[in-house]
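Chain lettering (A, B, C, D and E) follows the sequence in which the chains are written, and residue indices restart at 1 in each chain.
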Amino acid sequence: MSLEPQSLASRTAAAVDAEPWMAIAFLAASVVGVAAFVTVLGLVLIYAERKIAAHFQCRVGPYRVGPHGTLQAVADAIKLLLKEDVVPAGADRLLHILAPVLSFAGMVLCIVALPLGPHAQVVDLDIGVLYVAAVAGLGVIGILLGGWSSHNKWSLLGAMRAGAQIISYELSAMLALLVAVLFSGTLQLSGIVLAQQEGWWIWRAHGAGVVAFALFVVAGTAEINRTPFDLAEGESELTAGFHTEYSGLRFAFFFLAEFLNLFVVAAMVTTLFLGGWMPLHIGQWAAWNAAMDLLPPGLWFAGKAAAVVFLLMWFRWTFPRLRVDQLMRLEWKVLLPIGFANLFFAAGLVVSGWYFFPTDAAPTAPLPAPAGWPSDGAAP
Amino acid sequence: MDYLYVLVFVGFAAAMTLGGLGISRLLAPHAPGGLKSEPYECGEQPVGPSWLQFNVGYYIFGLLFLVFDVEAAFLLPWAVVVREVGVAGLVEVAIFGAVLLVGLLYAWKKGALQWV
Amino acid sequence: MAADLLPLAGLALSPDALVAAVQLLCPAAQARPDCDRPAVKVTVGDWPELAGRLRAHADLLFDLLETHTAIDWPESGRIELVYLLTSLRRGHHLTVFVDIPRDDPVAPSVCAVWPVAQWQEREVYDLFGVRYADHPDLRRLFLDDDWQGFPLRKDYADAFMLDRPS
Amino acid sequence: MTAPAPTTLRARLDATPWASPLGTQEYFVNMGPQHPSTHGVLRLVLKLDGETVREVVPVLGYIHRGIEKICEHSNYRQLVHLTDRMDYLSALANNWAVTRVVEKAAGLETNGRIEAIRTLVTELQRIHSHQLWWGVFGMDLGAFTPFFYGFRDREILTDVFERTIGGRLTLNYIQPGGVMHDIHPEFVRDVKAFMAVFRPRLDEYEALLSENVIVQERLRGVGVLSAADAVALGATGPVLRASGVAHDLRKAEPYGLYGQVQFDVPIGSRGDCWDRYAVRMCEMRQSLRIVDQLIDHIPEGKHFLVKPAAKIKVQPGVWYSHLETARGVLGAMLVSTGGEAPYRVHLRTPNFNNLWTVTAMAPGGRVGDLVAILSSLDLVVPDIDR
Amino acid sequence: MGLVTDHLPGALLPLPGGGALLTAIDQVVNWSRANSLWPLTFGTSCCAIEVMMATGAARHDLARFGAEVARPSPRQADLLIIAGTIVKKMAPRLRTLWEQMAEPRYVIATGSCAISGGPFLYHSYTTIRGADEVIPVDVYVPGCPPRPEALLYGLLTLQKMIREGSTLARPGQVRRPVLAALPDGMTLDDVRAEIAALVQETATVDRKAAAAVGAAFAAQDRV
């Protein structure tokens, strides 16, 4: 048995000829799984945000709806489903309806490519990094269309801000992401995780990893429009920004996409810099490494992602909002030059073959199965 | 197969959102009338159209982004094979990046990075 | 901070001296004894010139128009404009009263002397109907543009208003 | 009588050409009357070019309740409760302003205890008001947590008021000839407990907001109001002091017990949003200092010298009295023709005059700056409209 | 929630019909609507501080009931809390805001001004005598301004009203305004009697006029 990562897609492909029914089952399982995952994760994240915010602010947060308010997000979801859907007069009706769909689709398409565990990945594209960067761009199109089609000046301002902001920070995110690609030598997300078997890029890359991590967290926060970069919907400035005219379920899709994008960013940070589902291994400390292996990889991934999500929430409830010109200055005059310098520094490191914990194993070689991981009979 | 899967999920996302909107349309109350469909502008009637010629600064950022994004597209394949192409590749990319950075500096000097 | 804006402590004029100083600038000004602070009454013709001099005169330096309002006296058919002046730098106060006829309430604007008068005069226009000549933007301030009448006048009547039962 | 044809705002907006053929369009946006950062129902009509504010036109009257008219139909006691609802965050200072003018006009006396209680509670309410402002200021800048911190500490002070006065916000406490109730036996202990809690909390405020680099970037050099402009536009209070003019009626014309306590008047040097922020932060510490000096020295005596049921009569004449609220100079003018009701009451409210500085500060800045400027003025809209 | 009793003055009679499934769905729907009341940030004067800010803030924490998601846009808000005086110039704007809210929408009027004009009722040329002259109000929360606890109580009353109120089959039921849910064993008549006694004791109003108002009230009840 090996822990060679396997995506659901590859299993389906393998089963198509031999067992067509299995292929259909895999397909159905992945669709149902993603649907459930998106829904449950969305609710959990919304609940977590409200509770965490409350505790940052010396209060209790949702408490009455279900035990400790756990059903609060469910109540909100049902209510939003049954709320009137208003399309303002003069709005571009088609685009107004299409915008949240695009936002939501971009988020779902990102999630299917994320390696949540060695066997918990729906599609493992060989250009996964590029793919995620590309489909994440659908979100900004959704926001732009939503703000523009609303025929409302606050929305328009919000959309313009969002457009300029997200595309700008995408550059920094890209440059940070390239550092992980440089070290891993692959664009495949599962390959990047495997390459961190000997140590996570955040510290194994001689500082370049830390800088890239910080860059990616900042740029990621900006890309998903969260405080201190929530200019697109800055309440105190633009009323509700780009979604001022959205109500009911279409607003809910924007809302949900925003929260799940939080997870997408956290998952990308985890995958690229924190070793994905890899346990925390330190050099030659066999006993330590074995102990770390006792936790299943899915839990490792969830733990790391949760930590990053918490960090982003901490940002949100601490920082005030930047002003729009400061935001652009930060990106173009600070982050972008740093990103470039860091990239070439990292490239130099890679070319000279200089790592911490040097290993002889090729980065993508199959791994031996450590004790304690769940065995999986379906793997060849 | 992988891309077929992605396609499946494009369909899935569309079905989930549009299906949800359909259900919502069937179940949710719908009471148009009065000023409901007027654009919301803090309780006032908006003055003038909302689709207007925006300051060109927004588009300069769009252009700059395009330049650097294309550049990132070139960097990606290089990042994958950086071990094989070695120092020579690094130098080449450095030259490529430097040319772009000169462009950025030019834009900076010209004040294009000043937000409107 | 600009040195000329420092309060000049101990340079406030006594009420009598203040009134005398104003009367020197404008001989027609009459002292108002029924007012708790130094107060003068001037004619509407004298007022614009006096306003400028009150602000500029080195001994007076009335740099702040603290407030401006009006009192409606329907029995004697006049509206009395009240200007409360303060000198931040000297620390003294002066109240200036200007009478204008109630049936044709036109007054000179002092916006050029104290810019804040622009909005205070708009308020008085809104509530008393006093029209200020040379005001740059004279329109209603609080009430709707199509409001009829001037509610702070004593004879303002409105079908909407309720009297408190006694 | 012919009224002049007023140029309506609408007409002015409609007359403005929308765009030059090739340039960018300047456009109008209504900010308010219902907007999260106009603090109530202020309406600003903005002329924007992209994100840049070209012109700000405040439109008032969305909460104009005709208080001056109601005053003409009230007796001298009934004036007080109306003032609570003007600048409800400085309710006690408002009460005091009207009380002072009535006392002056009717020749009522007070004693040391009354003055000490008035000074104490007014100073406490200045802190109360600044706490709220600090929280809301954070929220306007986009940080939500300060709002909750500010309110958390504000509630302690609200409890202190509630014990003595019975109300939380609109207190109606300072009356002509005294105060409504004597202080609660636990008042001194409560206030000391509050000060013990609040001193370290002020440092926490500084750590959360003042020392944040984003806050400093958002505020420094934004909305600069020169001293000359501030005076010309009639600004008073922290807005005027932040521009560098050391004018504080508590010092200039001491009333209450302000003549007997030590405190400093913080002033700014540049007149930007940061100075206005810093002035208010310093004022909270100065208010604590004043309370500290007074709390152990409240003289014994009666808490009112005029029975609440006694009718107050005033001789004909004109009276004016002003004092320093948390937002600036609040003046009350009383015109009497004799009898139990005023002939005319005029209230010079600080916010009405402070508001107009925004028309001088905002043009040229971004929408985000405008929000910071508005918030740094600490406007209470019913105080503007009355 | 033990606070709110079963008998509501002015609540709807139970609607006839409706199968078990529909009832169950209705319960879920009403449960979700009652527990997810996102307020519009709308405050005009003093009440805004007490009712909107202090209630949402740390000590009282409106979030416990799921109502802390204050939306700046009426499209996404469910609950319009009128906090403060409404004057003639504001009234059309309030109407606009309410009209622009998406269904289902609920209105709580807090404070004397929003209920009746409050201290600005007499001799004012602009104050509207109660927000219900402009828009329909579901729950009134008295006070000047009301304490935050009073708003919480008003919110619970509204939640109760929603839970028992509309059904999917008839979404647009118009309810009679509710003052507040009364404690056990008290009826609206008791309250009126108490008010009448108080009026007798501290009569500052015209007793004849008050009696006329009482008679009108009684007549309304008989109908």
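Here, a residue touches a chain if its C-beta (ideal position, glycine included) is under 8 Å from a C-beta of that chain, and two chains touch if they have at least 3 such contacts.
Not measured: the values here are computed from a predicted model.
Q: Average the C-alpha coordinates of each chain, average all protein C-alpha coordinates together, and give the chain whose average is closest to the overall one.
A: Checking distances from each chain centre to the full centroid gives D.
Q: When all chain pairs are ranked by how many C-beta pairs they have in contact, which pair ranks first?
A: Greatest count of contact pairs is found between chains A-B.
Q: Looking at C-alpha means, what's the farthest chain from chain A?
A: Greatest centre separation from chain A goes to chain C.
Q: Where centres are the averaged C-alpha coordinates, which chain has the largest centre distance to chain B?
A: Centre of mass proxy via C-alpha means gives C as farthest from chain B.
Q: Whole-Å distance, chain C centre to chain D centre, using C-alpha means?
A: Once rounded, the distance between the two centres reads 23 Å.
Q: Distance between chain B and chain D based on Cα centroids, please, to the nearest Å.
A: 45
Q: Taking each residue of chain B in turn, which ones touch at least two of the other chains?
A: Touching at least two other chains: 27-31, 36, 38, 40-44, 46, 52, 54, 58, 115.
Q: Give the residues of chain E that touch two or more other chains, as numbers and ranges in rising order.
A: Residues 57-59, 72-73, 75, 89, 93, 97, 100, 103-104, 122-126 of chain E each touch two or more of the other chains.
Q: Check each residue of chain C and list the ones that touch at least two other chains.
A: Residue numbers touching two or more other chains: 142-144, 151, 163-164.
Q: Spell out all pairs of chains that touch, sorted by label.
A: A-B, A-D, A-E, B-D, B-E, C-D, C-E, D-E
Q: Please give the residue numbers of chain A that touch chain B in the complex, ascending.
A: These residues of chain A touch chain B: 7-10, 12-13, 16, 27, 30-31, 34-35, 38, 81-91, 97, 100-101, 104-105, 108-109, 112-113, 122-126, 129-131, 148, 150-156, 160, 163-164, 167-168, 170-171, 174-175, 178, 181-182, 185-187, 239, 244-245, 248-250, 253, 324-325, 327-329, 332-333, 336-337, 340, 343-344, 347-348, 350-351.
Q: Could you please specify the touching residues of chain B with respect to chain E in the complex?
A: Going through chain B, the ones touching chain E are 27-31, 33-36, 38, 40, 43-44.
Q: How about chain A: which of its residues touch chain E in the complex?
A: Its residues touching chain E are 50, 54, 57-65, 69, 71-72, 74-80, 82-86, 235, 239-240, 243-248, 251.
Q: Quick check: in the complex, which residue numbers of chain E touch chain C?
A: 88-89, 121-126, 205-206, 209
Q: Write out the stretch or stretches of chain B touching chain A in their complex.
A: Touch list, chain B to chain A: 1-6, 8-10, 12-14, 16-18, 20-21, 23-25, 27-32, 36-42, 46, 50-52, 54, 58, 61-62, 64-65, 68-69, 72, 75-76, 79-83, 86-87, 89-90, 93-94, 97, 101, 104, 108, 113-115.
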